[in-house]
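Following are the structures in question.
Next, two complexes with chain A in common: one pairs it with chain B, the other with chain C.
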Partner chain A sequence: MDKKNNFIVETLQRFGNAFVRFAQAIGRLFKGFIARFKDGSTGTKVAHLIMGFGNLTHKQYIKGALFFVLQIGFLLIFMLNPEVNDTPIGFKALQNFITLGTEEGDLFGRLADNSMLMLLFGVVTFGLIVVFLAAYTANIKSSYASDLMVREGKKPLTFKEDLAELLDSRFHVLLITPTIIGVLTFTLLPTIFMIFIAFTDFDREVVPGLNLFNWVGFENFAQIFTGSGEIANRFLPVLSWTITWAFFATFSCYIGGILLALLINKRTVRFKKLWRTVFILTIALPQFISLLAMQQILSEHGPVNAMLMNIGILDEPFAFLGQARTATTARISVLTINLWIGVPYTMLMTSGILMNVPKDTYEAAQIDGATKFQAFRNITVPYIIFITTPYLITSFIGNITSFNIIFLLTGGDPNVPGSVAGQTDLLVTWLYSLTIEEGDVNIGSVIAIFTFIITASATLLSYRRSKAYKEEDTFQ
Partner chain B sequence: MIKTEDYIKNPLKEKEVERKKAERSERFSTLLAHLGLVLLTLVWLYPIVWIILHSFREEYRDGIFVGIVVSHYIPKGFGFENFIRLFTTTLFPRWFLNTLFVATASFILSTMMTLSVAYVMSKIKFKQRKLFLNLAIILGLFPGFMSMIAIYYILKSLGLTETLFALILVYSAGSGLGFYVAKGFFDIIPNSLIESARLDGATNATIFTKIVLPISKPIIIYTALLAFTGPWMDFIFARVILGETNRQIHTVAVGLYYMVHGSQYADGNQFTMFAAGSLVVAIPIVTLFLAMQRYYIEGVTAGAVKG
Partner chain C sequence: MKRKLMLLVMLAVTLFIALGCSRSNPLVIWVGAEVQEFYQEKMEEYIEYYNANNDEPFPFVVEVRAADTGSAAATFLDDMDAGPDILTVAHDNLGRLIAGAGAIRPVQSQALLSQIESQNPETFLNVITANVGGTEYVFGIPYEAQSLILYYNKKYLTEEDVQTWEGIWSVAQEQGKRSLSITGTDGFNNSFLVLSSVVETGERIVRLYEDGVLENTEFVTDYMVSVLKWGQRFFTSPNGARQASDSGWSADLSTETSLTVIGGAWHFNEARASLGNNLGIAVLPQFTLTEDDVYGDVQAGTVMQSGTFTDTKMFVMNRSSDKLDYLEDILLFLTHKDVQEQSFVRNSTLPAYKNALQEFDAMQADDIRTQLAVAQIAMFEHGIPQPFGREARFNVFYYQRQAPDRILSILRNTDNRFNTDAAIVTEMIAIERIWLGHRD
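Right after this comes the complex of A and B.
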């Protein structure tokens, strides 16, 4: 109980500290602006209004021109509102973001406002503003830095020298800029867009450009918990199967993998490399091949059913997967096939660890008269568990979002009458059929947010505990 | 006649008996272990061998080629018919080249970005380093799946879906966030090596390209291997981004999947052709993996322990 309280207090404190630090950072930012404005040269002061001016006074022509072009470009976009697919980016986009479009379409071919693009461009415009503010700050800082160099009697850096800096003292900027751009456009922007969609009524009735959708607040979230209808009825069953699946999939592969690794690494076992290669083969084989093969092998007319009937175990073909008569059958089948996929991976990982079990502890135990089994139980097992805890958690998270296995084996079936979500559907596969196949993008987004909350809290918990974080600097 | 007491009292003999006993039980457990491994190998190879056998299957019923899944494990006739049909009647060669193109482009981009970020986070001390590290971890928590669906809708509304270029961007744009394993590798490189190079007047860029990268072969190969094989294995991103109708731009995974499943072109009688296509895809990928397995295992183990 005490420990739990401590944890909560600690977490709250962390959030509190983060908040205070954030406020302090904002304060420093403002102080910096004031200080630079007061202390800077006239050029720097003008640069607060006309970007690049400070650099020009320091004869940094190219840099100054770049800043100036950037400012003009931004202002032009913001004022002129260029249109992409009849939807403006710029000042109007911010208005559109609030209304999500007013123009209804009609039967005579007049198109409606495209609510989806309006939402998207609202986010994009906001992003442009943030980027512009960053450039604005950089412009003043750069000018002020040149001021300081002049005061010290040095010459401000030329454009060439600036570029050379990118290879040396500012090398990190060069190295991470491509990733920052990529992540902003392909991870952050889509994610923010998706989160906003969760607060709209963008469902299967809406075709962007033909009808409008609107902001609805927390209605979709409320619908999942208190509504009556397909989504509300299926949410808890799917959620609980997702957790169950992740739990059993993680631990079955974990235990299976360790046992297999122990077997292969047994001192007297020969052809170790051969055995290991067999199992690496299954990792290297693309999953869409192995899973589709599995699905066909287990199908009604496949060889497994034929074999079982030949031996006399079955009288008629048995449905293992999507057509299974009970949910439990299909679930046990996918968990079993998951072993085929997952065990080799854990085996590989634990093989490396097994070779590193501290030998001296082992020998000391044997001198003290411990049997092999005792040594195994009291030394090997705790050691493996200790080392692989972070892996267990990451693989739990991986299983929560494991899409391929369910999608390719059962497609979420056995069917639940009147529902998109079948008996083996996980949150992610349900999310997929809701959005891509049915077009209920808003509900799909809510489910995506829930999936994120589950995986994120598990990750944060493990991350706080992981060696990599705590000992971040001890290696260096 | 030897009495039992003599036997027991003789310590040397006693040890001998015990050793023999232990040896026998050891031999027995070894035999059992090998038996178990053979059994497991059979289970694991069962579907793989099945796919290989049926890619060479050539059976006719009333003069018509049979390509569906059949109940007998070992085909009744062998031949290259499936491969011939695959290369002459389907777009498979095109799909193969598409995948090769996407894989090459995204492996070059991803490897460069991943190693760059990893090196920065590991070895270069700059002011906002900790901030970036935390941001990267939080951003990495968002499921790629979620942004994939958003990207699909965004690209669709801009009329940009169904291009290989979009797929390359989707594969490589966020790859820099998967820097942990490589960072773990760079962490082990001693700082003294870098500092002494600095004292000799080397720039950061020179240190990275001339000193660090040449000794980082294992991690470069690991990163490149995963980035290159990814597009051959990925199914769902390619399916969503490339759509169903334009078969010219499919990758092998999507093309082969639609051949037997979930599309208007799906036909159960093409199953053996699917098997043949799978074999053509799997052989280079599996060979690559097996050739590089040392680096792969190193990376996997390091990644798992570091968390």
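Right after this comes the complex of A and C.
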């Protein structure tokens, strides 16, 4: 009980500390800003209004011009509001972000405002503002740094020297920049967009460009707890099956893989390389081919049914997957097939680990009189667990968002009459059905947010509490 | 030397990208994959004719592209600007396409309107027309039709057996087989029961969005309860009907597990591959309500005719097309009854033309493809077009809120939940509320 309370208090404290640190950082930012303005040269002061001016006064012409062009470019975009697909980016995009469009359009006139693009371009414009603010701050810092160099009797860096620095002491910045741009554009922007969609009524009845959609606040989230529709009825059953699936899929493959690796690594087993190759072949085959083959093998007119009927175990074909009579049958089937897909990965990794367990540890144990089983229990197992904990966590998270296996094997069935989510649907496959098949993008976004919260929390909590994190130097 | 080489490479790359990005502006038409080649040829004919009769040559290159007509409307709505100038859709997509500001342009050419009116049956005219802002507009130009028919195994079933479900059922019992595999779980697949009609009066037992009005919908009737009870007997019998196995309906046919399948023309090739020369085609059978089935005022012994949705594929025009001036003349040509007959001969597509059976010479042949067409046309007497075109939401209510699953659940008596009339009626009321747009 105390442990539990401590954990809650600790977590709350961490959140509190993070918030305080964030506020302090903002404070420092403003303090620095004011200090630079007070202490800076006239050029630096003017750079607060005209970007690049400070650099120009220090004869850093290229750098100054770049900052100036950036400012002009930003202001032009912001004021002229260039349009893409009849939807503006810039100041108007901020207005549109609030209204999500007002023009309903008509048959012979113009189309309706595209609420989806308006939302997207609103997010993009916010992004542009953030990028501009970063450049604005960099412009002042750069000018102020030159001021300080002049005061110290040094010559401000030329553009060439700046570039040379990028290839030398600031090389990490050069390398990480493309990655950051990629993450911002292809991960962060869509994620923020998706989060905003969850607060709208963008459902199956909306076609962007033909009808408008609007902000609805937390209405979609409230449906989980207060509604009586699909999301209210099916969220908890789907969530609990998702967790169950992730648990069993992860640990069955993990234990199966370790046992298989131990078996293959046994001294008495011959043709080790052959066995490893056979299992690696299942990795080499595209997963969906293996899954579709499995589906056919287990289908009602497939070879497994034919064999069971031939030897008299079954009188008529038995449905193992989507058309199974009970959810349990279908669930056990997908978990079993998942073994075929997942075990070789663990087997391969564990084989590598087993070959690298420090031999002297075993020797020391042997001298101390440990039996083989004791050595296995106290050396091999902890060693494997220590090394594979991060893999175990990513594997668990991967299984929570595992799409192919369920989609290709059962399609989420056996179905639940009246519901989109079937009895083997995971959160992600349900999300797919809701958005792609049913067009309820807003509800899909809510599910996606919950999925993210679950996976992120599970990852952080389990990894931070694992030995692999706490004692990361132990086995080095 | 190195610099020059690098400059040359950069120039070549820039040129390559510039050429790759430059967009030509062809006139694009989406049709089903099975008729793509045919319509490309027809468009070449059209351009030849156009060039011979006009001073200026036809100003565009025409590209007829194969598209999945089932999802064409959704694909088009995802990005209208990237869409074709003309596309093929099933008529029940009309509501989505004209929702809000409308993604497609109504027909305005008098010549095309006259052709549409003279060539098409009234049932089709009703579903290609919609009221926008108080005015009726024609949005679609029908050129193909489709309905559900029965594919059966002639090795076991005679023409007489397939007149009634009971005939098929009794052969299935004798042979230890299944009577029927349905190909899917959506509303199309239960339509043989839900849209059935009383043979004596011709009265249909369901009302669905009649005249495009949401409230003109009635599912909970004595006849419907009786038919669903009959259906429940059929679907729960070991020799009755079932959802296709997870090996697929064609495997059910080829392994002779099931004797029949209800399907459309799009199932023909697979059905033929499964049964070869044993493939028979017939109108959907009749069935008789027994004492066990009747409910309310319905009399035992009432003979019912299986129903179907009778749909049309139609061309529609992208309202954002920059070639609207040319599109209606092209459609006048492509949907003319002569082209429909040519397509039937070449591609076995069922003409939408109302007098095809009488007027088309090709319809008088006795091969299996003609039987397929004739059976479909015969089913038009027992069916209705999907009545969802006038309003975007009808299609959503009918198909996407799991009402079909719930009907199938009554038929299969899932978990023995529908053993009583009261339980069936309660579920039917829930389904009717879904159709009426209630979200509970």
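Throughout what follows, the second predicted complex is superposed on the first by the 425 of 476 C-alpha atoms of A that agree within 3 Å, B and C clash if a C-alpha of one lies under 4 Å from a C-alpha of the other, contacts with A are read in each partner's own complex, and residues count from 1 in each chain.
Note that in this section a residue touches a chain if its C-beta (ideal position, glycine included) is under 8 Å from a C-beta of that chain, and two chains touch if they have at least 3 such contacts.
Bear in mind that the values here come from a model prediction, so they are computed numbers and not experimental data.
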Clash or fit, chain B versus chain C on superposed chain A: fit
Chain B versus chain C as contact partner of A:Asp106, first or second or both or neither: second
Which superposed partner A:His301 touches (first chain B, second chain C, both, neither): both
Arrangement angle, chain B at one end, chain C at the other, chain A at the vertex (C-alpha, nearest 10°): 80
Partner chain in contact with A:Asn415 - chain B first, chain C second, else both or neither: second
Partner chain in contact with A:Asn211 - chain B first, chain C second, else both or neither: second
Chain B versus chain C, judged by how many residues of chain A each one touches: B
Which of chain B and chain C A:Asn85 touches, first, second, both or neither: both
Smallest separation of CA atoms, chain C relative to chain B, angstrom: 5
Common interface residues of chain A - those touching chain B in one complex and chain C in the other: 85, 209, 296, 299, 301-302
Touch list for chain A against partner chain B, complex: 84-85, 114, 116-117, 120, 167-169, 171-172, 174-176, 178-179, 182-183, 185-188, 190-191, 193-194, 197, 208-209, 260, 263-264, 266, 268-270, 275, 277-290, 292-294, 296-297, 299, 301-303, 305-307, 340, 344-345, 348-349, 351-353, 387-391, 393-394, 401, 403-404, 407-408, 428, 431-432, 435-436, 441, 444, 448, 451-452, 455-456, 459-460, 462-463, 466-468, 475-476
Contact set on chain A toward chain C in their complex: 85, 104-107, 109-112, 204-205, 207, 209-212, 228-229, 295-296, 299-302, 317, 319, 321-323, 415, 417-420, 438-439
Chain B - residues contacting chain A, complex: 26, 29-30, 33-34, 36-37, 40-41, 43-48, 50-51, 68-73, 112-113, 116-117, 119-120, 124, 126, 132, 137, 139, 141-154, 157-159, 169-170, 172-177, 180, 184, 187-188, 191, 203-206, 208, 229, 232-233, 235-236, 240, 253, 256-257, 260-261, 271, 274-275, 278, 281-282, 285-286, 288-290, 293, 296-298, 300-301, 304-307
Contacting residues of chain C [partner chain A, same complex]: 77, 80-81, 96, 98-103, 106, 132-133, 137, 185, 243, 245-247, 251-252, 255, 257, 319-320, 392-393, 396, 400, 402, 405-406, 408-409, 414, 430, 439-440
